[in-house]
């Protein structure tokens, strides 16, 4: 059993360890060529990096423009203080952070319209825009190349009794305090439901969306969070050295943040701090070694390249992986057990045992009399290709319907339209009488349609249990909720849902393993479990039996049969035996057109269907034979 | 309001700048489209080309020879990089590729700084490029005019390779569907090496042509990198015509804005990019559905 | 009650004075190091930084970036001055120093590359102050860095002898009690240059400016356009370009079309070289006369005599001044011997100010910052002997009052040696061109402690 994060004693262990490490570092540093000033700067980069790690390490969004927010926060605070518009440093920092957040909303909204490489390029460009704005048009406020000197130090207390936080150990303690609070917050976010969704997005953004999470909004939220961290760090920089430099906006700054995070370890939260320590320490001390001098940056670059190529996880990441290997090395979940099949986990149940009911389900539907799912005149054209032409079918509630047809018939496209992945060129999709055309996958899933994919779309970096939890969370949280606090594992209904689903697909014994270690059949069952965990009223299964061994096939057919008793199912399959066994109605598609519809018996005897599948078989038979 | 002669002059100047950006962005977009690698070392390679020419011109007077030798050097660099580093990254997520090319960029810049020092170097104008030409509405440096011509030839050569040769066909197919090309039994690995080298050559060639115009120093590639990215975003990912069109448009935006206020010329470029992102995210010629 | 108190105080104070006098006189005989420590309270890195037998100087020139050529030159100047001071002998004695080092203490130093970024310089100097207990910080080739370091110096109470900085702001809007600047301000340079070019090039001229986008650029533009206004010179075009820009074609096309007959190029360092080169390519130099209010260290070498001939400008220092001032001659000769080339003005500022600071410390008899500052501020009454003759600092804004060399580029045929690029037309006395006390341009010096 993984220790729950509600465990009091373990809850603050990382923070306590961090405090101890910081105190030790502060005292040791002067002896090994560091100083109080270096210590403080490392912490500021660490704070800057906390937000970036949430963005890149946990959500997979590589931004090369974080300097835009670092600079914005820093300059707004510095400007407010140096023009005496605000007297309190604390208030100025708050305003600076807020300003960075606002800028983050704007840039995020534009940049997140793209993903991956495009996103990286665009953030770089926006970082450059911010740099130019600071340098030229806004130079009257920002001091242009000069920067803003004369930022006052903060004071604690009021009036005559207050004391100033001057440079040295006092300022370092202040910065360390900010970092610790930032770290504690970030850690909470990582373990929250919000954090769970972020990690799912990093792993497989499309599937996360298909499970009912509004991925775009989550991305924007974490982007803004990263901007807020950056803004606070920038403000602290100005206060720390009484001077706000224009380089805060430069591409170099954004690049250095990325490099430091990678060196220290992406996705560890302390990675940026460690990487910053390495970078700044080497920068300072290598320069003083004669002969090395100007090469310090080259050496750092070399270290960076070697680390990405060889030790992908960076320093902290490698340490954590090593730690985990020694801990989870005990294979108690595997020892002495054979592969878990439905048969072995439920040996004594009657042939058709009732399924555990799901605590969380899609919202109840109003017009219960309408067919569960209806396609009206659906068409889809891809350029000149008409993949689906004017297909209409209805699926009655509580039935199992199959869609079959030869390859290239348009079944996948039809399914995608039903599920909202693809917008029809014409026609409508109705869900219990409600028009859901064009809602998109997330909307469709929230409405109550789930789909299990032909090619497994699992979260490979999450355990089986965590996989299912992501799906269940979509039902619990809705399309988007910034549930930043509270543990992801601590919502009772969600946990019960997860247990129920795991029991249904027979994977309880595998719950804490990664999908990569599962057998293929188990992976397929997890795939089905994912779509089930969102509590859908209608479940679309795309070739659920694909690639399975005969044994696995039997077990999965039983699962599907049992599912069919509780929900409405639509299945695409090539295994005709399974189709005729499971389905109550069959629709046949060929060349994008609905060829026939009816009961299994009708279809078996339909000559047009035989023609489509076997292609002119009878044409070659001797007449009268 | 600047007068017509000035606007014409700036518009013309925009061609020179735009053609360089077009060439540079072409290299970037081909590498990006085919290999899926966003080359963050692009600016550094641009600078490397300039230094290659500088080195050769220290020993000979012929810019032509310098470009040929420099070009050979850039191809070699491209092949080595692809073989030694980039190849390890094809199966890794896009972000890792960005990171490693970013690191390579740092190595190139700092290595050059160490060898040549931080001082800017002068690359002399070729004898056939000296002097000015009167164009009626303005006088213009002869060499800049020639640059437009040289780049046009280079772009044409690139076009011929991409659209009229077998290798070009493989490259364009690879941009569309890499897995399919692989399955067709074509030696994709070798093609990738050549494509990467092509991209590096394009960047380096732009640097070589650009060197006599400005002073050459290790940091000259930085702004160029950002601008090339913007051009690719405007033109569309993986699209050669997009890179050309985007480059020319970008050059015009920068030049025409500077007729009014040079301070805003680059901000305007980025503002146009932002607008495009809102209205037409895939760029002018980019592939559909790349959200 | 009152009487008793006052007499009590009186007795006590006499006793205290007596003890102090006795202690002040007697103790140093037995404990020489106590002389300073006993007299002055701790401030900044005093007395900790000079408790031993050395004093530390932190130096941050830009060794990389757009101004790296001037930066390297600048660093060499510091190294030469410090080596000479530490060695003692005739050369430092000619400046007025006694024995080896300063007040008997050897000068130690470290040089850190500021990369032309104020932030990096601030970081490096903070380290020097905190770790090495620097008693003086110096070195920069950018007004942005200068201003940031002045701020740092004021905050940390460590003296900053400003390196190369031409902006007016360094001794006006951003002046600091702990900062002193020797280079002519933009105002001084422009006021010196203005009459010379007006006489040579005529009145009522139209000028096109190329201005780097930061404090220094704007300073020079303001000062020069103001200084030439009374001769009827007007501004037809003002092109602002970022520092480190590579391509000036857009700005130069605007300038070429502006109808001006004077091209005033305020860009500096690499930017000056690049923009002048490109101006030549665009035919701007054929149409207009080139004026460079503040010529960069190696501009002439890099551009060549052909472009620079006939160009009017000012310098902080040019090596042919060796013929006028003996200390300059020693400087140029020893620098040439050590580094195989004649020093430019970056090296000169480093060399000259380090010596002036050393002399000021010895005059004050202590490293205590307040005393050294006061000595420098009082230098009007007792100017320093220097490579430029008699110089002194103005107490009101800490700008050094010194002559401004106005120069003109020589024709290639007239050059006697390979670096004989310039003719010194005039040495304009500083008093004539410095901004009057009635217009300190917003300088408010900070506190002493």
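The first chain written gets the first letter, and so on, giving A, B and C; residue counts start at 1 in each chain.
Here is the rule we use: a residue touches a chain if its C-beta (ideal position, glycine included) is under 8 Å from a C-beta of that chain, and two chains touch if they have at least 3 such contacts.
These numbers were taken from a predicted model, which means no experiment stands behind them.
Comparing chain pairs A-B and B-C, the larger number of C-beta contacts belongs to A-B. Centrality annotation: B (chain centre taken as mean Cα position, compared with the mean over all protein Cα atoms). Averaged Cα coordinates give subunit A a centre that lies 56 Å from the centre of subunit C. Rounded to whole angstrom, the centroid-to-centroid distance between subunit A and subunit B, based on C-alpha atoms, equals 34 Å. Computed centre separation for the pair subunit B/subunit C is 42 angstrom, with centres defined by C-alpha atoms. Counting only residues that touch two or more partner chains, subunit B has 113, 118, 263. Contact of a single residue of subunit A with at least two other chains is seen at positions 136, 294. Shared interface positions of subunit C, defined as residues touching 2 or more other chains, are 63-64, 213, 240.
By the touch criterion given at the top, residues 63-64, 110, 112-113, 117-120, 122-123, 126-127, 130-131, 142-144, 147-148, 150-152, 155-156, 169, 174, 213-215, 240, 242-243 of subunit C touch subunit A in their complex. Those residues of subunit A lying in contact with subunit B across their complex are 56, 60, 62, 110-111, 113-118, 120-122, 124-126, 128-129, 132-133, 136-137, 251, 255, 258-259, 262, 294-295, 297-298, 300-302, 304-305, 308-309, 312. Within the complex, the subunit C residues that touch subunit B are 63-66, 68-69, 72, 213, 239-241, 244, 246-247, 249-251, 253-254, 256-257, 270, 273-274, 277-278, 281-283, 302. Subunit B meets subunit C in the complex at residues 2-3, 5-6, 9-10, 13, 16-17, 113, 117-120, 122, 125, 132, 138-141, 143-144, 213-215, 217-220, 223, 254-255, 258-259, 262-263, 265. Residues 32, 36, 38, 85, 88, 93-96, 98-100, 102-104, 106-107, 110-111, 113-114, 118, 222, 226, 229-230, 232-233, 237, 263-264, 266-267, 270-271, 273-274, 277-278, 281, 290-291 of subunit B are the ones touching subunit A in the complex.
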